[in-house]
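Heads up, the next two complexes both have chain A, just with different partners, chain B and then chain C.
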Partner chain A sequence: MTTLQARPARSAAAASAPGRSVRTPVVPRIAAMTVMVVFTGYFLFPLWWLLVASSKTRGDVLGTNPLWFADLHLVDNVRDVLTYRDGLFGQWMGNSLLYAGVGAAVATLLASMCGYALAKYQFRGREALFNVVLGGVLVPATALALPLFLIFSAVDLTDTYWSVLLPSIVSPFGVYLSRIYAAASVPDELIEAARLDGAGEIRTFFGVSVRLMVPALVTVYLFQFVAIWNNFFLPLIMLRDERKFPVTFGLYTWNSQVNQIPELNTFVLVGALLSIIPLVVAFLALQRFWRGGLGAGSVK
Partner chain B sequence: MKKETPMHQRTRTGTVALLASSLLIGTLAACSTGDDTAAGGADAAACEPSEGTVELSFTSWIPGIETAVETWNEANPDIQVTVQTGPNGNSGTYQNFFNQLEAGNAPDLGQIEYDALPNFRVQDGLEDLSACADVVAAQEQFVDWTWGQVTLGDEESVWAVPQDAGPMALFYRADLFEENGIEVPTTWEEYQAAAEQIRELDGYITNFSQSDVNQFAGFVWQAGGQWFANDADGWSVTLADDASTQVADYWQGLMSDDLVATYPAWTPEWDNAYNSGEVWTWVSAVWGANSIASGAPDTAGKWAVAPMPQWEDGGTAAGNWGGSSTAVFKGTEHLYEATKFALWLNTSEEALTILNEEANIYPATTAGLELPVLKEGVEFYGGQAIYDVFAEASAQVNPDFVWGPTMTQVYTDVSDGFKEAATGQGTLLDALEAAQSSTVEALEAQAIPVKQ
Partner chain C sequence: MTTAPAALARPPAPGRATRRAPRRYGKAIAFFVAPFGLLFTLFYVVPIAAAVWQSLLTVERDGTFGAARQVFGGLVQYEAVFRNEAFWESVGRVLLFGVVQVPVMLGLALLFALLLDSPLVRGKKFFRLAYFVPYAVPGVIAAIMWGFLYSPRLSPFTALTANVPILGADLVLWAIANVVTWVYVGYNMLIIYSALLAIPGEVSEAAVLDGAGQARIALSIKVPMVMPAISLTAIFSIIGTLQLLAEPQVFRSFSSAVTSTFTPNMTVYATSAVPNTSLAAAFSVVLALMTFVLSFGFLKLSQRKEAR
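Entry: the complex of A and B
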């Protein structure tokens, strides 16, 4: 029953895909295509440059056409980065996956439970609580890094995995999105039915409601994953042991040492290329759920 | 490398405001312990060996520093050091130090560049190492001016152990100078004449980087300028003193006559200008040897090094660009062990050799300048034993140059003005004069006493 419920959301998204129902005249279509091609090129340009530059030797990066390949050294370069200093880069990638993967999963779980509770339960102070959470959306994570550092120092938790993981599992935006989505997509009648069948509140949540909220959860997960992956200031302030660095901060550290170790120039480039692969994979794998999530509730 | 985001600056200003009061207390304390033998005795007691195994934490961003620390740990089971790391000082680690000091969990030891030491001193973040007899006795091992950098103009105190130095010299394309029959300049006047000849050949004699105020400071240092001075009455600021004016006018002239290139330093264009032979010389520090070798690989074997041009015919003054120290942070429980490690790291041939091999660190000790690796000819420079030139320069650096406590702000303000000068709005001297007044304001805003 629940799988049947989840499907319409997806096929609804497919039905509203462009080109199916509305036919636009040729000239505007060409104009629109041109604009899109130009912007696609604009956005892909840095990626292209990164790919080309990563495939070159140090000398060639400076001396040859920046937008086309010279002698191909991509494999050598990648191997060099992965073996430099006992595989430090691999460790960083692993750390980033841990921080972003686990952090985003826990954040999504907490946010969905919180959002669901705010949407489906009546209790005193509900709106006040929600408004406080919503206020949290407005506070930039960067502004919280320093106070967090002082708090974590007081309990001796700086320079630990926890110091980056714990703040990452907070997602006010996720709570907001979960509440809106739960209100729109989880019918009260269904919850009533589950209760009548003898399910407890927790079982109802995980057995029924979560399945209906999947598009929202994927969206929250993706947002949080990217936010943690790109979070730079928190690790900068919290971490001292380079074996615990996430990849963004590690690459920044290398980049600041280029004056002393010029080989790092190439490593930073190749490392940057490798570091975006998980993000690309996450987007490609999850975007169809995400699209479904964003469209939900817009035509009702 | 020298850039800070506005965010960092803002948080730093906040930290500074919080610590402004501790500055006054710190200054008073420093005054009262000056000649007081009783207080001196109390200090000496603080530099006693601890019992049992001691664990020290040390933050440094030198690549490969772990190798040196492992060597130490193997030889000293009673004093185990763990390395912490991060980006280079101005890119975040200094800010982290200030945060950690405020949170009360600063490491025992940290790497601090000479120009940042006064900032930590003014905010009372450093232990005075003069309490340790070994440190005081080590003075004679160091090149004079590097010791001056860690006493901060106060003979009674020692705020860090010098680590490395950046004496300056002239890197030049020996092949191009010879082919075109141009004499290698020994004075700044000849340098300008050579610049004109080179410009006719469609090249530039050098690149004047608007963002690297440190290089300019090195020129001022050579010319005998003094940007800051500090005594009991407070700080004096003279960013536009006679020497600075002379240097600013000189480079302004070269820039206005299009005799120097103005690429931003350390960028691909900059590398390329050197690699393609468009730019012929670079007056830079000892570590610049590596920058050229890596940035301009096609020119291998064509470079040579000579002493930097002089203001007076036959003069022997050198500037300095860069260099850092190992400091002990306020609140350490193991001052004695920390200084023991710092001295080993920066004076033993073992450690200095490792640091030189791993990270091209150029030592601050006189014995270090004689390291076997620094006596060899360098292939990239046509087999010339280039470090001999730098060893000589190191002895010629004016020992009295003092950095101010707000160098990040000074660098930002000066380089803003320099960038305008490069586009023809205003001059280098205008930039210095503007930075002079903004620096005085910055000091006053932090309740640091300024002498007008």
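Entry: the complex of A and C
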């Protein structure tokens, strides 16, 4: 009842928006906007600089204003990066998309199934399982990488695509988030109804429950995608053949050779710019889904 | 309102449907849980067990030139860990890093989230996006980018970088702290912001009617209500700090002040490359335990504060 009474009052306040701006003092508003604008500069200027630097010849990078364009060579630079050493950079991008794209997809599927079962079924050892998985969230990935290397070398799998892909498809945080989200957004009544209609448990999950869990699935997918895309220690330890490197690790190796091969300088910058694009696009395209999921993860 | 960490102790209550006939769905449960369970065992449980086992081994040789073989050495490696000064220096370095960087980063994230949630800021959509974009930049790439920006030759701020040794021994740790902050502030801001969005509008409106200003509302009402989300970001940040690897590793090509044992993880890697896998495993185990102790310790501390 209280909420019902409060709501009209709220919309009235919202409707008289000009009235509100009179009520809010001017000084705090200017201060707040100043803070936000200044920090927008802080967050965006390195990216702006990267874009500008990527569009310059090597000579211009050093000789011209770092924050404004000189002769535009972005297309040439991109072509040079893509053709350097038989398209090594393109291969790296492809590898990253494979590791992160496929890895995150499988991870999301497995994590959501497990999280759903933890939320919607009562079974022996459920809490123990959940606690072990939560412990897994806290285990530093780097503490796992070294023993994983020893295990993979025992079965002769180091320096293969599998050595990076397989460990990436396990997401304890995904299980945690899926459990929270399934508990909150998949009503038991709906599952009961599906059962009465004669659907099996598995069909109920894939046909009904998964749809309600979409924001959580997108969130798990994106964050696992980022985790794999950013993973540094695992490729560092597992891979020797540069044709299998993910893009971040490849750019790292180029960057550490800049002193011997100066032309890599431009390639590193242009490559960095190109490597950021897929993630930015993914976040932008999916933001209306994952923001809902993010809320579920932190507040429930 | 429970949070991620609070749910650790208090999982969601089982629903009505789940209480009934637990055994009927045994096959389905196995179908849902087994794939993840199997892979979790293979890629989490087994490696941890392997690391612990490996850390208890030591290399023994038959004579000076004899074949090396691994034998059980008890806690020999752990003794070596505790006597390894480079490792403890690196631990001290990341702790110092964390004590400064984590509060600064989370303070900023909280400030931005509160500003975004207040009626003081226009253009929220734009700011939210602009602040979050750095999170899409991988740590390695961010470090390369800032490395260029700091370098005296390339930087747009040559007046600053030519005169201040940002990449020198005294400042390089804070140069790295800036990179980490730049990448993760927006991410933490979003977590706190989505918690703020969950607070019913009526709460703030009532406070406004009582004559409270925005700053007062933020400090007395909003911050306490989103404390759980802040704890969550703090725990992730603590874990991240102890795991610091990619950024300092990249900075090695920009700064000679970053040694191969600059952070604990770099020490682990350098040791494993020697190779001394048993000592490296012992480092990993000690580091993982410290991570647990610190993050759980923080969790308990923040829960006690909340309960008060």
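Rule of thumb we're sticking to: the second predicted complex is superposed on the first by the 267 of 300 C-alpha atoms of A that agree within 3 Å, B and C clash if a C-alpha of one lies under 4 Å from a C-alpha of the other, contacts with A are read in each partner's own complex, and residues count from 1 in each chain.
Rule of thumb we're sticking to: a contact is a pair of C-beta atoms (placed from the backbone, for glycine too) under 8 Å apart; a residue touches a chain by one contact, two chains touch by 3 or more.
Predicted model, so just to flag it, every value in this text is computed and none were measured.
> Under the stated touch criterion, which partner chain does A:242 make contact with: chain B (first), chain C (second), both, or neither?
The first partner, chain B, only.
> Please indicate which partner A:256 is in contact with in the superposed arrangement: first for chain B, second for chain C, both, or neither.
both
> Mind working out whether A:230 is in touch with chain B, chain C, both or neither, as first, second, both or neither?
second
> Look at A:276 in the shared chain and tell me whether it touches chain B only, chain C only, both, or neither; answer first, second, both or neither.
second
> Would you sort A:159 into first (chain B), second (chain C), both or neither based on which partner it touches?
After superposing on A, A:159 lies in contact with chain B but is clear of chain C.
> Touch test for A:191: chain B only (first), chain C only (second), both, or neither?
A:191 contacts chain C only, not chain B.
> Which chain makes contact with more of the residues of chain A, chain B or else chain C?
So, of the two partners, C touches more residues of chain A.
> Is A:142 touching the first partner chain B, the second partner chain C, both, or neither of them?
After superposition on chain A, A:142 lies in contact with both partners, chain B and chain C.
> Indicate the residue numbers of chain A shared between its chain B interface and its chain C interface, in ascending order.
61-62, 142, 146, 149-150, 233, 236-237, 252, 255-256, 258-259
> Once bound in the complex, which stretches of chain C touch chain A?
Going by the criterion above, the answer is residues 1-4, 7-8, 11-12, 14-19, 22, 25-29, 31-33, 35-37, 39-40, 43-48, 50-51, 54, 108, 111-112, 115, 118-122, 127, 129-142, 144-149, 153-156, 182, 185-186, 190-192, 194-195, 197-198, 200-202, 205, 213-215, 226, 228-229, 232, 239, 242-243, 245-246, 249-250, 252-253, 265, 268-269, 272, 277, 280-281, 284-285, 287-288, 291-292, 295-296.
> Spell out the part of chain A that touches chain B in their complex, as residue ranges.
Chain A residues touching chain B: 58-59, 61-63, 142, 146, 149-150, 153-154, 156, 158-159, 233, 236-237, 239-242, 252-253, 255-265.
> Given the complex with chain C, which residues does chain A contribute to the contact?
Residues of chain A touching chain C: 2-3, 6, 9-10, 13, 20, 24-25, 28-29, 32-33, 35-36, 39-40, 42-44, 46-47, 49-50, 53, 61-62, 66-67, 110-111, 113-114, 116-124, 127, 129-134, 136, 138-144, 146-151, 166-167, 169-170, 172, 175-176, 179-180, 183-184, 188-189, 191-192, 200-202, 205, 226, 229-230, 232-233, 236-237, 248-249, 251-252, 255-256, 258-259, 268-269, 272, 275-276, 279-280, 282-284, 291, 294-295, 297-300.
> State the interface residues of chain B toward chain A in the complex, per the touch definition above.
Touching chain A from chain B are residues 1, 7, 11, 57, 59, 61-63, 84-88, 91-92, 96, 99-100, 102-105, 107, 266, 268, 271-272, 275, 287, 290-291, 293-295, 297-298, 359-360.
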